[in-house]
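Okay, got some structures for you below.
Two complexes, one shared chain (chain A), two partners (chain B, chain C).
Moving on to the complex of A and B:
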């Protein structure tokens, strides 16, 4: 009976195909225009010299060779900064999100909801908020809260120029990023942990599971791999998307001694300040490559094998 | 019962939970401190803003900072209300279009069978890790070549490509049993009717979640104004407040100019509050969407 009905509407497949086409078309167009084509154009432009005024001139791999061998700023500051920042904020923020979500799952609903809101809130604030709050907190004169506090506790005797010092700016950037990193990936993991079937734990304890740590490793994480992967992808994207924080905090690109410049600031510098679009595109491709590497690792860890 | 193990989602308090509270409470307090700070800062009168040593809590709250903020116009003479109006209109249009686009393709990718489906799903899953800033130059070229620069479209269209939104809605539609849709089809319902009458009512939580994420993206966005728009009257509120806040910091010391500190705090608060209010109202819907957010 069912098969017959199904056969019946496979007959009017032309109308169906048109309708399907119509459904996918709008998203298809914007996706092509603003995701697929830009990636393709980046790759194509990265092989050229392009200054916006003259048409692009084909240069082969010249930009990549320059990036890897000639660009001292890139190899000495940008790349190490990016890797350091991405590892601490990406995987580091991710582990922090997971552990926090796990602890939240161990308490009652009302306090959990309130605290989850408190933890999620910083991820909603925009750049204006970050500029205003963190720049005043770390402000370099006595009116800066952190300086005032340290002065009062007599830990220092004169204010520190936190945001203008190459020793501190990276640390502050990481702190601010971690502060605002508990976004939807965190919520996904919280929902995932709360939805693990409780009987699994009971069964596992009967089979000799001994402590909470084993419980996380053997039951919680394996039963919520899909959410773990979603959270991981969001954490990685967040780590690479928030590179503007350093420049926003100190108010200048480059930051003092390039200490908080990461790869996206470098793209901006070459693309929009110097108009060397071909070179900037090569840096973009390098960034896409880095993101892909991080994601590959996440997929390796959390893809369900079946 | 011998089983004394874990208690995920407990209904009662027990002393074994105390250790979690000891970690979670200070952490939550640390996370909200900057927010409490900006609220206090925004309501401080001038003398309290520059009191030394600085005081965290406001003593005599005043609305002066907000009044000042609304009175100032940008250096080009465009009043603040214009930026605000731009942002409200843009946000509304972008929200509607995003939800529509995402639900149409989410339905197609979840419930229709066609040859390229698996490929398209994989492409979108790859695109979840898409980092927009990495391709801002080609995006700029696309915008310019389509003649969208300096039009309202430059604010809206780039934001409509939301792999995460499509993914969340598609995952949620997967939960709707095929039998309901099949019954409707046998009764002669067409795709658009099914979407309007069955899909949209059932995936409201996912749509609410996408709406929140889109709202945050549009409302906070200053990039499109920075890169694609030169006409001051078409720029966004976020852009205006951003430049206002930035111009109130002197680059030399990283400290704040006297008049600007309160205004900057007020503008940060205005940008942030709508996000918070919307999220609080929709948080249970967001949580129920997140259950289905896993990547398989």
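Moving on to the complex of A and C:
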């Protein structure tokens, strides 16, 4: 079989090869420019000491060894925080996206469109909106809505510094992240659910399907596996890349007691505060590795063949 | 019968004479208590011995005392309307301060330059005297509008370095009144909050204004005393139910700086902080508590009030102060005497060790604490502090040893984190290499196997083992994780799974449950192994699970449920798979994780429980052929029915016991009557 294919390609003329090359070229250039080259550069930089002013100095694997053995902040706070945040926000946001998409799919078109837009908005608006809404809600003085409410109910006697306390900031960050997790993945899943062939449901009910839950398990999810996979990958990427929320909420990097610092803040800290670009690049390569691993797991889960 | 009183007297005499020598074995008249690793009071070496009992000062109900850095004792002699200054070193009266404006001095504070502030509850003002006893000025009721129409009857006063006064006044529930140097009202400092009970909250919700007025006033628990230490930090004691907050060290915002709950009683009446920051608090009942600077309970001594004249025991303890030698001075406002206690070698050693720790001399501190350990091998305080010091000295293994004895999980966890970190640093390269090696090796073996097929024999052996019925049926549990509905259906139809397999899963869960109860790592083993109630856990596990099956069967059989008892049993057993895994995982991981990673254990536990719960819900749904809503209803009804059965069983058991006792007494009565 393989030999046959090879023979077939060898038969192709130069013109065919050129046209193939030409067709691939636009994608190739864009991919190289925006994905492959930056990754290659950051891997190269991660092997150096680079402080932006002097030229990079080759250090071998020193940065990685430091990251894994010397960086106490990383192993004591950053890594547990990142995993904790990713475990809750990744699957949590994913399940939430799916459930809201499924619920929206049950209602009429006009309200569905309006609701979908409303749910999608938080993921687009970014830092400004978070500052306006959530920092006002959780403001640390009596004027903050949550504090005012708790004070009126006499549950507390002094306003709580929600955004400056290492006990609360992580929880609030997770809440805000879940609130803004209905992004592209959510839209894809909504489209996926709407695309499921109605006849499948009818046929299944003829075959003895009894309730909505079975409907989801046996029909909806199997017929939208590609969208589910896309949503999962988006959720993972989202979970590892929305660390700025914690910093935006409390207005400082590092956050109080490193309580809401995740890996992306650590990169920022080293890259743009201390200008240790080599070390920052090493951490980003580690992040890339983590995301790739989790995406691989997602692929395994969602392309499983029964 | 007339001989009886004589006999009693005789016995009493004998007993008294027998007891007498024992009483004088130790000069202390009360025991000193400390805390053991499980937070129970335990007797320890005597920390203080009663020293001088001064009854010849003609005091009348002294309410407050204070000691300055010259060791002059200032007594607010409330009943005699005077302040008495007494030199504790030579035992002479230095001077007596009287003034017509001073009617009932109840609180006294002396600043660093020996100015005397007196709170007078009857004349409603604070009097400030110079060192020589001349009245400098008085501060009356604040006129600031913020003070409102409140009365001003100051009971206690303390003054910080800037001359700000902190005042406790009668009937003021808003907190500590803070007055500026000039007497201007600055505001309320640190208020206690009103603790509302559930009923009171309900009343707030539903009562009308008129009804609310009829209720008793709700006042926050009040401060009972306050003091300012030499660094200008304000401390206070609180009376009332919230014992965990009974002693507070206030920060500038008025909140308590103590991290852990305070160990005290609910009737603290006064406190004093000595030059080393050691905190002494006394209860009205006559107990004296000693705390470290961080609020850590060191020990308490003293006994409950008695009217007998025993030195070191009070009728009504009112105030405490400590001189520069560490002697504790106390006042009794009922019998009106001054009592002093002298620290033993043991307590002086403790204070020295604490001082070395606070100044950062960890090595000296460790040496001192080791001396204390020689006196008292099981001293939790010593082990705790040695552990803390060793942690700062970076001797982590030793720190782990001592904090484990002390039961201090926080510091144990920190030491363990460091040890684990060192180990990881050393071995990380090997771990990574081994990981990569195993990965490559498995790939290689796969390749070779595809080429030569040398693994065929072992694989077929594994397959043969897997195909043994009980093994297969037990391992069938894993299919429920990803395909619950199909699996429940197969089990229900009897195609897959079996009673043997289900029972193995069930019993494994029980074993894992017991293992997690007794086998966790020290950090997470919250209840000591010897304190676990095994009977309750074993009976609880089996009776609850089996009762659930039975009740669910009974409830469903009258609600169109199709499930049979055996099917339901298998359903419940197989549903326990996720719980089983989470129990095993948390038990193993608890040996390697520190408090820093507590989240992972919580996450695994929650996942296991929720997953099992979901499986049970789906199992009920599938076995009875219900839809989701009916299944949830069925489970709720099952739980309700379980409660009813438990209550009925309890009633039957109690009745049976009564019945048994009834017959037992009848028989006994009969025997007695027959034999007489």
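Throughout what follows, the second predicted complex is superposed on the first by the 272 of 306 C-alpha atoms of A that agree within 3 Å, B and C clash if a C-alpha of one lies under 4 Å from a C-alpha of the other, contacts with A are read in each partner's own complex, and residues count from 1 in each chain.
Basically, a contact is a pair of C-beta atoms (placed from the backbone, for glycine too) under 8 Å apart; a residue touches a chain by one contact, two chains touch by 3 or more.
Note that this is a predicted model, so its numbers are computed, not measured.
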| item | value |
| --- | --- |
| Chain A as common anchor, with chain B and chain C clashing or fitting | fit |
| Partner chain in contact with A:87 - chain B first, chain C second, else both or neither | second |
| Touched partner set for A:30, first chain B, second chain C, both or neither | first |
| Chain B versus chain C as contact partner of A:136, first or second or both or neither | first |
| First, second, both or neither for A:75, with chain B first and chain C second | second |
| Chain B versus chain C as contact partner of A:212, first or second or both or neither | both |
| First, second, both or neither for A:154, with chain B first and chain C second | second |
| Chain A: partner with more touched residues, chain B or chain C | B |
| Touching partner for A:54 - first (chain B), second (chain C), both, neither | neither |
| Gap in Å between nearest CA atoms once chain C and chain B share a frame through chain A | 11 |
| Shared chain A surface residues [contacts with chain B and with chain C] | 212 |
| Residues of chain A touching chain B in the complex | 5, 9, 17, 19-20, 22-24, 26-28, 30-31, 33-35, 37-39, 41-42, 45, 100, 103-109, 111, 113-115, 117-122, 124-129, 131-145, 148, 151-152, 161-164, 179, 182, 184, 187-188, 190-196, 198, 201-202, 204-206, 209, 212, 215, 224-230, 233-234, 236-237, 240-241, 243-244, 250-252, 264, 267-268, 271-272, 277, 280-281, 284, 287-288, 291-292, 294-295, 302, 304 |
| Parts of chain A lying in touch with chain C, wherever the complex brings them together | 68-70, 72, 75-76, 80, 83-84, 87, 154, 157-158, 210-214, 217-218 |
| Residue ranges of chain C in contact with chain A within the complex | 191, 193-194, 196, 253, 255, 417, 421, 424-425, 428, 485, 596-597, 599-600, 603, 621, 625, 627-628 |
| Residue ranges of chain B touching chain A (in the complex, touch as defined) | 3, 5-13, 17, 20-21, 23-25, 27-29, 31-32, 34-35, 37-38, 41, 50, 52-54, 56, 100-102, 104-105, 107-109, 112, 114, 120, 124, 127-139, 141-142, 146, 157-158, 160-161, 163-164, 166, 182, 185-186, 190-192, 209, 213, 216, 219-220, 222, 227, 238, 241-242, 245-246, 249, 251, 253-256, 261, 264-265, 267-269, 271-272, 275-276, 279-280, 283, 286-288, 290-291, 293-296 |
